[in-house]
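Below you'll find the structures, each written out as C-alpha cells.
Okay, so chain A shows up in both of these, paired with chain B first and chain C after.
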Partner chain A sequence: MNKGHKMILREHFGIKAKSDQYVIALAGNPNVGKSTVFNALTGLRQHTGNWPGKTVDNAQGSFSFKDTDFLMIDLPGTYSILTNTVEEEIARDFICFAVPDVTVVVLDATSLERNLNIALQVMEITSKVIVCVNLLDEAKKNKITLNLPGLEKELGVPVVGTSARQGIGLDKLKEMLYLAVKEQVIFRPRQLHYSPEVEEAIAQILPKIEQLGLSDYLHPRWLALRLLDNDEMLLRKVSAYLTANSDDDIYREVSMAL
Partner chain B sequence: MSITTEKDFLQELNKEAETIRLSYVTKLGDRIIADIYKNAEQISKNVILNDTNKKNWTLKLDNYLTSKIFGYPFMLLVLGIILWITISGANLPSDMLATALFSLQEILSRGFLDLGAPAWLHGILVFGVFHSVAWVVSVMLPPMAIFFPLFTLLEDLGYLPRVAFNLDNLFKKAKTCGKQSLTMCMGFGCNAAGVVACRIIDSPRERLIAVLTNNFVPCNGRFPILIAIGTIFGVGALTGQLQALAVAGIITGVILIGVFVTFAVSWILSRSILKGEASSMVLELPPYRRPKIASVVYRSIIDRTIFVLKRAVSVAAPAGAIIWIVANTYIGEISILNHLAGWLNPFAQAIGMDGYILLAFILGLPANEIVFPILIMSYISSGTMIELESLAELRLLFIDHGWTWLTAVNVMLFTLLHWPCGTTLLTTHKETGSKKWTLAAFIIPTTVAFTVCFILTQTVRLLGLG
Partner chain C sequence: MTVDFNAIPLSQLSIGSSCRIGEIGLNGLLRRRIQDLGITPGTTVECLRRGPSGDPTAYVVRGTTIALRKEDAYQINVFPI
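This part shows the complex of A and B:
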C-alpha cells in the first residue's frame, strides 16, 4: 500500500500524522496501565478528543527517539477486538483499516492468560505487533515469575517487560519501536491452532477470499475467521474501504485537501 | 475489478460463508473464541514459571460458587440468609420504634388539645402527617438498616460479578445481555437507579428490555411491604426464629417470582417487539476481597438508608396530610376516600383485593414507600381502631377489613409486579427519550400484575380454597 493511500484511511479516524511520522497504535485490556505507558512516552505532547462520530475518548501524542518521529494513538481499553462494543469496534477498525506501522499490545503481567487473548487477536490482523508486558512490579509483589524470552518465542513477536509507573523498561520499548519501524525486527506471529472443524471451514472459504486480492492488506485467514463468525459489518466496511481505494477521484480529492 | 463487480463478489462471499456456517452444528463463532482462549491458556502455562497460592484460592472458590451444580443453590442460600437476618433482626427494633413513636403521638395529641387547636389541624398534623411518617420510619428503617449493609458487604466481597456470571446463561436463553443481572441488582436498591444502570448495556435493544423489566425486582420502597405482610400473614402459627426463617423463605420465593417474570417478559419481548440475538459480554471476575467494614457501614447507612428514608419521609408527610383530608371530607354521608374506594372495589375484588388497597397503590404512584401508610390510614379512618403499636394489632386491623391469606398473597404479588413509581417512570423517559417506551414501562408491569392476580384469585375461588 502506498503512503498517500494510508493517509486517506487514517484521516478517516481523525489521525493527522505528518508524512515522516510513524503511527503507533496502543491496545490492551482496561486497567493494565496502558495510559501510564502512553503518558510516559508522549509526555505533554498530547491531543485529546473523540473518535469521529463516537462518544469514545481518543488520545494521540507524539514523541521522538533517535531522530525518528512517532505518533502514538491510545486505543480504547478492551478485553477483545471481536466488536461486541463500540470501543472494541473502534480498536479493531483502527488496527484493521488505519494500518498503524506498529501496534503495541499492553498486557497485565499479573493475569497473563486473560490478557493474552487480545494480543493473539491483534496478531491475527497484523504481524507488526510488539507485546509490552506491564505491571511487572505488581507481578513481583504477587510472586509471579514470567519467562519473557519464552513468551517471545511462543508469540513470534518482540516482547518488552515494563513497570510503567516506575518508568522501568520504557527505553527498551522505544528502542524496540525504533527497530521495528526501521525494519530491523522480524515478525513471525504465531499461527493460532484452531480445532479441526474450524480449520476445515477456513479451508473451504479461503480460496474465495484469496480471489479478493487483498492479501497484502488484510490477512485472508483472519478475514475467513471473521466471516465464519458472522461479522457482516466487516464485509460491508471492507467494501466501503475498497471503494475508497479504487476510486481515483476520491483519492485525488483527499490528496489535494492534504 | 470494477466497483460493482466487487460488491457482487462480496455479497456472494457472504452467502458462501453463511452456507458453511450453517453446515456446522456448533456455532463456529463460539468455537473460534474458545480456541483463542485455549491458545492463551497453553501459552501462559508455558510461560508462567510459578503461580501464587492466593490466586488459586480465588480460582478454587470460583469453581464451586460459579459451578453448574452449586452456583444456583448457593445464590439462593445467600439471598435467603440475608433476608432471614433482615427479618429476624428488624422485628424487635421495628416494634420498639413503633411503640416509641406512637407514645410520642399521644403526647403530641394531648399537647394539641391542651393548646385548644382546632380539630381539623390536629387531625391533619397528628393523624395525617405524623402518623404516616411514624409508620414509614418504624416499618422501613430497621429492615433497610440491616439489608443494605449486608448487600453492600456482598458487593465488597466481590460476589455480585459471580451472580452475573451464573445468570448469564439464562439471559442468553431469553436473548438478552447478561449485564441485565447487574442492573437488576441495582434495582434492589432503587428501580430508578436500576434504569440508569442500564446504560452499561451496549445494544439498544437489550438496554430497552432491561429498562422495561427492571421494575420486577422489588426496590427498597416495596421490600418493607413484602416483609410486613409476609410477617403478618405468612406464618401466624409459628414463633420466634422459626417464624423469621419461614418469612425469609416466603420473601425469597417472591423475589424468585420477580426474577422468573423478568426472564419471561424478556423472553417474550426479544421474540416480539424487540426481536434480536443476544450479544456476548466480557465479565472480569475480580479476586475476592476482605470487605472494609467501616466503609460498608458508612456507604450503606449514610448513602442509602438515610437517603431513601429522607425521600420516603418527604413524600409520606404531605401524602399523609392529603389522605387525612380526603378521608375526613364528606360528600353526603360518605367520605371522599370511601367514595373512591367504593368505586374501585369491583375491580379490586376481581383480583382478590379491596378498593382501599387498590386506591393505596394508585395514590402511592409518587413513591411506593407510602402505599402501606396510606392503606393503614384509610383503614383506620374508616374503622374504629386508632392506636397501632405492633404488627399483631396490624394483623387484627387487616382481618377486620376482610383480609384472608389470598388477599395477602395478592397484595404481595401486586406489590412485586405493579407499575413503577413516578421517579422510575420519569427516569425511564429520560433514559429512553421516548414517550412510547415510557408508556410501555407502565403498561407491561400493570398488565402482568392484573393478569397474575386475576388468574390466581379466580382459580382459588373456583376451587373453593379461598
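This part shows the complex of A and C:
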C-alpha cells in the first residue's frame, strides 16, 4: 500500500498522524467503556473536536509504548456498522477508508452475545482486529465467568480482557497493539458463512473484485457482500476514496464496474 | 416458510411473559437494525413493561432492555413460551 495515499485518506477524516505513528481505531457498542479505555491509554494527550462536516464528537489521543508511538481514534459507539445512522457511517468509513493499522473492538463482558455482532462485522472488513473484553469487574460482580482463551480461538484474533476503570489489563492491551503493529501477531479472523445461495453469488463475483486490487484496503469478500446488498452509498465511496491514488487506473475501473 | 398458528405478533405479548422469535416481517434498514440489536429468529425475548400510552414497549433481549414501537413489534412473529 502506498504510504502517501494512506496519509491522504486519513486527512479526509481529520487525522494528522506523524509518519512514525501507528493509527489505532477504537470501535464498539455504546456504553461498553470505550472512552474509559481511550482515556486510560491516552491520558491528557488528547485532541477533541468534530468529525469533518459532521456534528459527531471525535477524540484522538496519543500514547507510546516501548519507543513506538500510537495515535488512537475513539470512534462513535454503534451496534452495527452496516445501517445508516451518521455515527455508524463514520465508524464504518473510518475502518474502511482511513486504513487504521489496527482496529480494537471493545466488548461488554456482561453481554458478550450481543456485542460480538460488531466484532464479527469489523472482522469482515479488516483482518487486523484486536478484541478487548472490557468491564470484567462488572462481569465478576454478576458472577459471569469468561473463557477468553476459548474466545480467542473461536475468533482467530487476539483477545485481551480489561477492567479499564481499575486500569487492569491495559498494559496487556498496549503490549498486544505493539506486537500487532510490529507484525508479530497472526490474524486469522473468523469469517461468517452465509446461505448456499449467497455463498454461490459471492464465489461468482469474487474473482472480478479481486482483480480490482483493493485487497490492501478491504477484504474482497466484504466488498462482494456489499455489492450483493446493493449498498450504493458505500460503493460510491469506495470509488471516491480509493481513486485518490493517482498512480493506478484500477480504481477508476472500480467506479465503472460498480 | 410454513404457517404456524401458534405464532402471534410480538406486540401482543403480555407483560412479564417470554417468547421465542419466529419470523421478522420487517424490511430494509429497520430489519437490519432489529437484527443488530440481537433480535434474530430463535432468540428469547421477554416483555418487560409498556409506555404510559401503551406504546412503546420495553423488551429484554440478550440481557439488554430495548424499546420497540407497537407498529414495528407487530411485524415480528413470535412463539410464546
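Just so it is clear, the second predicted complex is superposed on the first by the 245 of 258 C-alpha atoms of A that agree within 3 Å, B and C clash if a C-alpha of one lies under 4 Å from a C-alpha of the other, contacts with A are read in each partner's own complex, and residues count from 1 in each chain.
In the analysis below, contacts are C-beta pairs under 8 Å (C-beta built on N, C-alpha and C of every residue); 3 or more make two chains touch, one makes a residue touch a chain.
Computed from a predicted model, the values in this text were never measured in an experiment.
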Chain C versus chain B on the shared chain A, clash or fit after superposition: clash
First (chain B), second (chain C), both or neither touched by A:150: first
Touching partner for A:39 - first (chain B), second (chain C), both, neither: neither
Touching partner for A:68 - first (chain B), second (chain C), both, neither: neither
Which of chain B and chain C A:21 touches, first, second, both or neither: neither
When both partners are placed on the shared chain, which of chain B and chain C touches more of chain A: B
First (chain B), second (chain C), both or neither touched by A:117: both
Touching partner for A:80 - first (chain B), second (chain C), both, neither: both
Chain B region in steric overlap with chain C, selected from 56-64, 254-262 or 290-298: 56-64
On chain A, positions contacted by chain B and by chain C: 79-80, 82, 84, 113-114, 117
Residues on chain A engaged by chain C in the complex (per definition of touch): 79-80, 82-84, 110-111, 113-114, 117
Residues of chain C that touch chain A when the two form their complex: 29, 32-33, 36-38, 61-64
Chain B residues within the chain A interface of the complex: 1, 3, 6-7, 9-10, 13-14, 16-18, 20-21, 24, 26, 28-29, 31-33, 35-41, 43-44, 46-52, 54-55, 202, 279-282, 284
Touching residues on chain A, where the partner in the complex is chain B: 79-80, 82, 84-86, 112-114, 116-117, 120-121, 142-148, 150-151, 154-155, 190, 192-195, 197-198, 201, 204-205, 208-209, 211-213, 225, 227-230, 232, 235, 238-239, 242-243, 246-247
